[in-house]
Amino acid sequence: MFLMPTLLSDTNLFLWLDLEDPTPEEAKYVLEDLFHFHPLSIEDCVMISPSPKVVEYQPKEEDRFTPYLFMVIHAVDYSRKDGVFATKELNFFLGKNFLVTYHETPIRSVAATEEQAVNSSVHIARAPDRVAYTLLDSIVDNYQPALDELSLEIADLEQQALQSPTKETLNKIILIKKEVLHLRQIIGPQREVLARFARGEFKLIRAHMVPYYRNVYDALFQISELAQSYTDSLTGILQVYLNMSSNQTGEVVKLLTLITVITTPLMMIGTWYGMNFKDMPELSWKHGYWIASSIVLVSTAATYLYFKRRKWF
Amino acid sequence: MFLMPTLLSDTNLFLWLDLEDPTPEEAKYVLEDLFHFHPLSIEDCVMISPSPKVVEYQPKEEDRFTPYLFMVIHAVDYSRKDGVFATKELNFFLGKNFLVTYHETPIRSVAATEEQAVNSSVHIARAPDRVAYTLLDSIVDNYQPALDELSLEIADLEQQALQSPTKETLNKIILIKKEVLHLRQIIGPQREVLARFARGEFKLIRAHMVPYYRNVYDALFQISELAQSYTDSLTGILQVYLNMSSNQTGEVVKLLTLITVITTPLMMIGTWYGMNFKDMPELSWKHGYWIASSIVLVSTAATYLYFKRRKWF
Amino acid sequence: MFLMPTLLSDTNLFLWLDLEDPTPEEAKYVLEDLFHFHPLSIEDCVMISPSPKVVEYQPKEEDRFTPYLFMVIHAVDYSRKDGVFATKELNFFLGKNFLVTYHETPIRSVAATEEQAVNSSVHIARAPDRVAYTLLDSIVDNYQPALDELSLEIADLEQQALQSPTKETLNKIILIKKEVLHLRQIIGPQREVLARFARGEFKLIRAHMVPYYRNVYDALFQISELAQSYTDSLTGILQVYLNMSSNQTGEVVKLLTLITVITTPLMMIGTWYGMNFKDMPELSWKHGYWIASSIVLVSTAATYLYFKRRKWF
Amino acid sequence: MFLMPTLLSDTNLFLWLDLEDPTPEEAKYVLEDLFHFHPLSIEDCVMISPSPKVVEYQPKEEDRFTPYLFMVIHAVDYSRKDGVFATKELNFFLGKNFLVTYHETPIRSVAATEEQAVNSSVHIARAPDRVAYTLLDSIVDNYQPALDELSLEIADLEQQALQSPTKETLNKIILIKKEVLHLRQIIGPQREVLARFARGEFKLIRAHMVPYYRNVYDALFQISELAQSYTDSLTGILQVYLNMSSNQTGEVVKLLTLITVITTPLMMIGTWYGMNFKDMPELSWKHGYWIASSIVLVSTAATYLYFKRRKWF
Amino acid sequence: MFLMPTLLSDTNLFLWLDLEDPTPEEAKYVLEDLFHFHPLSIEDCVMISPSPKVVEYQPKEEDRFTPYLFMVIHAVDYSRKDGVFATKELNFFLGKNFLVTYHETPIRSVAATEEQAVNSSVHIARAPDRVAYTLLDSIVDNYQPALDELSLEIADLEQQALQSPTKETLNKIILIKKEVLHLRQIIGPQREVLARFARGEFKLIRAHMVPYYRNVYDALFQISELAQSYTDSLTGILQVYLNMSSNQTGEVVKLLTLITVITTPLMMIGTWYGMNFKDMPELSWKHGYWIASSIVLVSTAATYLYFKRRKWF
């Protein structure tokens, strides 16, 4: 926090300044007083913004800052408990000889990169574009556990939908679909931001670093393809679920019909000979009752076999 | 209203002229006689046009106007009562040293900006492109309450669809979907208009103002992403609703079947032994009635337990 | 019809020739012998072609025509009676100092423009690109009644679908959907044709006329947006309709179940004590009948109240 | 088949060589030994390839052929009997002064063009790009009968779906949908191939022939629009069909419920007074039977009228 | 494995090095120590990456490698047993005078190409771009059996869905749909990679080889069109299946209703005259029983004929 502006003017040095949950005063001191960043980028940095972006700031005559890239990117943190992706905003100010990162909550990727930078100072700490790459690479890598989690839950849902679809299954499908959608909404604009790096649009990223950024872009592209395939899987699962559920009603109707059909002979005979007409000759036939019983038995059995053969049960 | 044309020729001055619900004569005086705007832009300004646009007018030799940008943009005003987005048209004529705004109903953003311009004259009132930015920024900010309202109603609908789906739920879903669609129809072309500003296409917007316009564009982009996510949510809710509703029918059919199945043993035995055959030995068995009763009780209980185990109720 | 070729060579004059339902000889005389148009454009003009187009013809050495634009556009005529959009083809040959229009049936826009040209000759009749603009503008304006008609019918259908959905409602929805689709198929390519004018692609349209063509394009664009929103409305209405219709079946099933459930106690008791066993003690109980009646009444009332509370009716 | 290579070197002559179902030796002689075409184009020509293409071959130093265009296009042949589009492959090798066409089965368009070329040699036979145009034009024209056939069948299906939807209707809808899809799959890439001609991409097509190719492209474009509208119609018909079919089930359920409801009073009274309780005072009332009959009649009639008024039948 | 770096410096020689399942040491020796490939491409090569890519590496001053193309492509292997596409990754390093291929499992296409290269050394072995083409061509050819397999299974499913739709049919449809989706996910990015070759973007591919790569691209394009048509077929089959399945329920409901309707006359008469009213004159009519029987017979027959005529069975 107590850096000398003179330090910055030495172009041989490279400064990485990580602001984790700074007080407004600290933020103001660093971003405004020290680096004189463009007010718009400071506003974007301090406010929570749901979508990533990258803007290149070129100083005008009256401006006091050197050219820099401002970037907002979102790290993801998935925990099965809540079942929601928690995204954490990470802001970059990337200049020729400085990198300022700003975030309000601790981010694993930042912590890891810091450690790496301190320990193995040879490779990473040489330049801001390399540190930024390491951070981005680590952020993209951290999507993996979230994706694995989702993949497991989707496989689970597929089982459920096929074997025991309940109302909860539907809610779960809708919920996971929402999650995947959310994931895609996070990744989509991030991909666009990284594509600009991968195309080498920015002069502040040295040419030989561009393939590294392209690599990060490729990784993100694969994640977004995966997310797309999750959406397709879930649509399939939903179709299976809805079909299973309408199949169940179909089965119930079949059962109802079956019972009606099978009891029909008995009910008809029974009701018919329950009549009280004076003159019903069958009633006094010697074997009347046995004939009636036989008719009922035979026709019930016939019905039963008929539906058995048509594979109703 | 009583400005001297000489005022306009002084390029050091900057004029903001706000026409709120002017009479046709006033409008004609300002737009035609004073500024000599292109007849097409005057027509577009005076008529109600449902979609925003921006056109750059470059004077030809015979024309008497200086280059200017004509823009139509729509402010939004959402009130839960009617449940409809009321849009208000705001027309801009943006020149090098003048800004003419034209609207038929009072617009909050305009009033606020006017006040701001009068009070803190230092910052805003310096240039027409800055005032225009302030107006646009304020208009885009005013989308927020409408979005919050929608977000609440959608969460509400999700609850309803899952817990007590009624016909009204469907109507509500369809209605809100329409609203969101309407919102997207408003925002879509507006985004395209602002994208042209954000790309710095217009010379009348000074280069150092372009990042500000890009900021407005980004805000609008996020709103449009949000609207897209609302649409997706509503599609999910509709799916839940339709499933719940078909589930209800399924449950009713189950109940019908259950009752039929459970009463079947009693009805069969009852009907059968209601027959009046002379010779029905069971009828005169000593424990005939008790045997019949037991058969009915046992088979009814068995059926009951069977369906209980298959989780029918 | 009896124009001198010498007239055409005078570049200060401007000729508008309107061929309404000409005989093949007339058509041949004007298009081939007088103007020497390219055979392909003559073929396109004479034949009925379902989609609009615009082609720029540049003469080669051996050709005898001057550069011209050939355009096919469709005017629309909607009458509620038949419920179909009747489109009428209008062909333009637009040269530096001539405009030839060709159509087989009378077109309102052409008649109106002719009248306007004769009466107020000052403004319109000055140049072929201005007359062509007036014609196009009028054609696009004439879409409005058709759109209003559609809008009314869609509002009507929405009412019907919500309140009394019948088979006719479905047919009507499908029909109007077809109409809107047809409208969009007409407008789509027309928009593309006009977009080329709006971009100022053609040298025969003078630069200061381009904003006018852009205005026509904008109007068409708004119509096409409207048509899109009609499609979306109709999809929503269809969804409501299908849901109402499946709701109706659900209600019927509920009724069936309700009746079955409510009559069940009576039917069970009634059937049971209709048995003819010799020894059924309840039958000779003193208050047997009243006990049975009370059981039936109480359980029926209980069932009734239970379903009443669950809001089945 | 026995052409002299010397003939080809005379650039004033133009050769059209049509290979209809040649033996492998003939094909090899013409394509390899005589014209020295690029091996890839020979392979593409001899093999059956499902999608059209156009490739421009420019000779390298070591190559012995002159520049030429290789094109694969598919003619269509629709017969109601089988209900499938039979496509026939036609391969073009189009050079400055030669056209080689290769096809394995007789193609109507080729035969017709040959005849035309022999009879009216003045117009067509002048140049390979003109003959190629004539062939393409004829091929595209031959789509018309197939489209008319489809159009008829779709109108037919619409009738069926609305009036007497059966299982066969569904199969037919699915079948025709497949056909239309197939048609679109044929036309899609063909359009792209012709678009390249229409844009004048190929030097071997002389500039003044380009409008002719554009005309063929336009015709194909209209066909593809038509095919799109067929798809939309079929989707609509399917929706009608599915709705009619679910309506039928709804009607059946209504009937079932109606019968149950209407017979309920009689069944209740009938069952109730079939009980054998010793002491059932109503049974010995003087007008007991007539009262019971009246109750049944009145409540049945009331139920009947109630449902009649609710338009159940 | 024991090649001299001196060999590589001889630009007249061409080396193809195939690394099949190398040990990490071997891989490191060849990729790093011998060829000094860019670390990113080595990482991409050694790791499993689900999506194909192509990257051109241009050496910077400090780099020790010569320009090369790095490409990841996936060969496919379909066996009906598992019903899943097994993809095998193949990595290319393509330089001016070398080709290094790297894969972890044996790939048929590689083995075949090796054999071909050894036996008929004249044609293929001349240049790395030619060998790479042969490999790619062979890989694309190997998609064919997988496609044939899918095509068969889809035809099978269509039969099943129409004739005997069971739950298994649905699962099968969902499964095959997944497979086709997977296939499309593999082919999509591969097409994009090959498109870059077909456009001749890479200098390492000699101009006269580009048509060959375009040929491979065309083949892949046709496969992807086929896969698209499979998806459409499966969607159609699913629609048929769902309709057949809801039709079945409709048929069952029809049966239930039919039985209810047909037994109604008998049940009504039977129940009615089962009543025990003292004074029921019909019971003691002489032909009472026969009249009742006749009424039942006639009305049952009438009902039967009515539904027979309405084609209920």
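We call the chains A, B, C, D and E, going by the order they appear; numbering starts again at 1 in every chain.
The rule is simple: a residue touches a chain if its C-beta (ideal position, glycine included) is under 8 Å from a C-beta of that chain, and two chains touch if they have at least 3 such contacts.
Bear in mind the structure is a predicted one, so any value in this text is a computation, not a measurement.
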For this session: Would you mind naming the chains that touch subunit A and likewise touch subunit B?
Result: none
For this session: Check the residue numbers that subunit B and subunit C use where they touch, and answer same if over half are used by both copies, otherwise different.
Result: different
For this session: Please state the rotation angle, between 0 and 180 degrees and to the nearest 5, that superposes the Cα atoms of subunit A on subunit D.
Result: 145
Seminar exercise, completed: Taking each chain's mean CA coordinate, subunit B and subunit E are separated, in whole Å, by 39
Exercise. If you average the CA atoms of subunit D and of subunit E, how far apart do the two points sit, in angstrom?
Worked result: 24
Exercise. Which subunit C residues reach two or more other chains?
Worked result: 246, 249, 253, 256, 260, 267, 271, 274-276, 280
Problem set entry | subunit E contact footprint on subunit A (complex, rising order) | 162, 207-208, 211-212, 214-215, 218, 221-222, 225-226, 229, 232-233, 236, 239-240, 243-244, 246-247, 249-250, 253-254, 256-257, 260-261, 264, 267-268, 271-272, 274-280
Seminar exercise, completed: subunit A contacts subunit B in the complex at 38, 40, 43-44, 49-51, 53, 55, 57, 60, 167, 170-171, 174, 177-178, 181, 185, 189, 238, 242, 245-246, 248-249, 252-253, 255-256, 259-260, 263, 266-267, 269-271, 273-276, 280, 282-284, 286, 288-289, 292
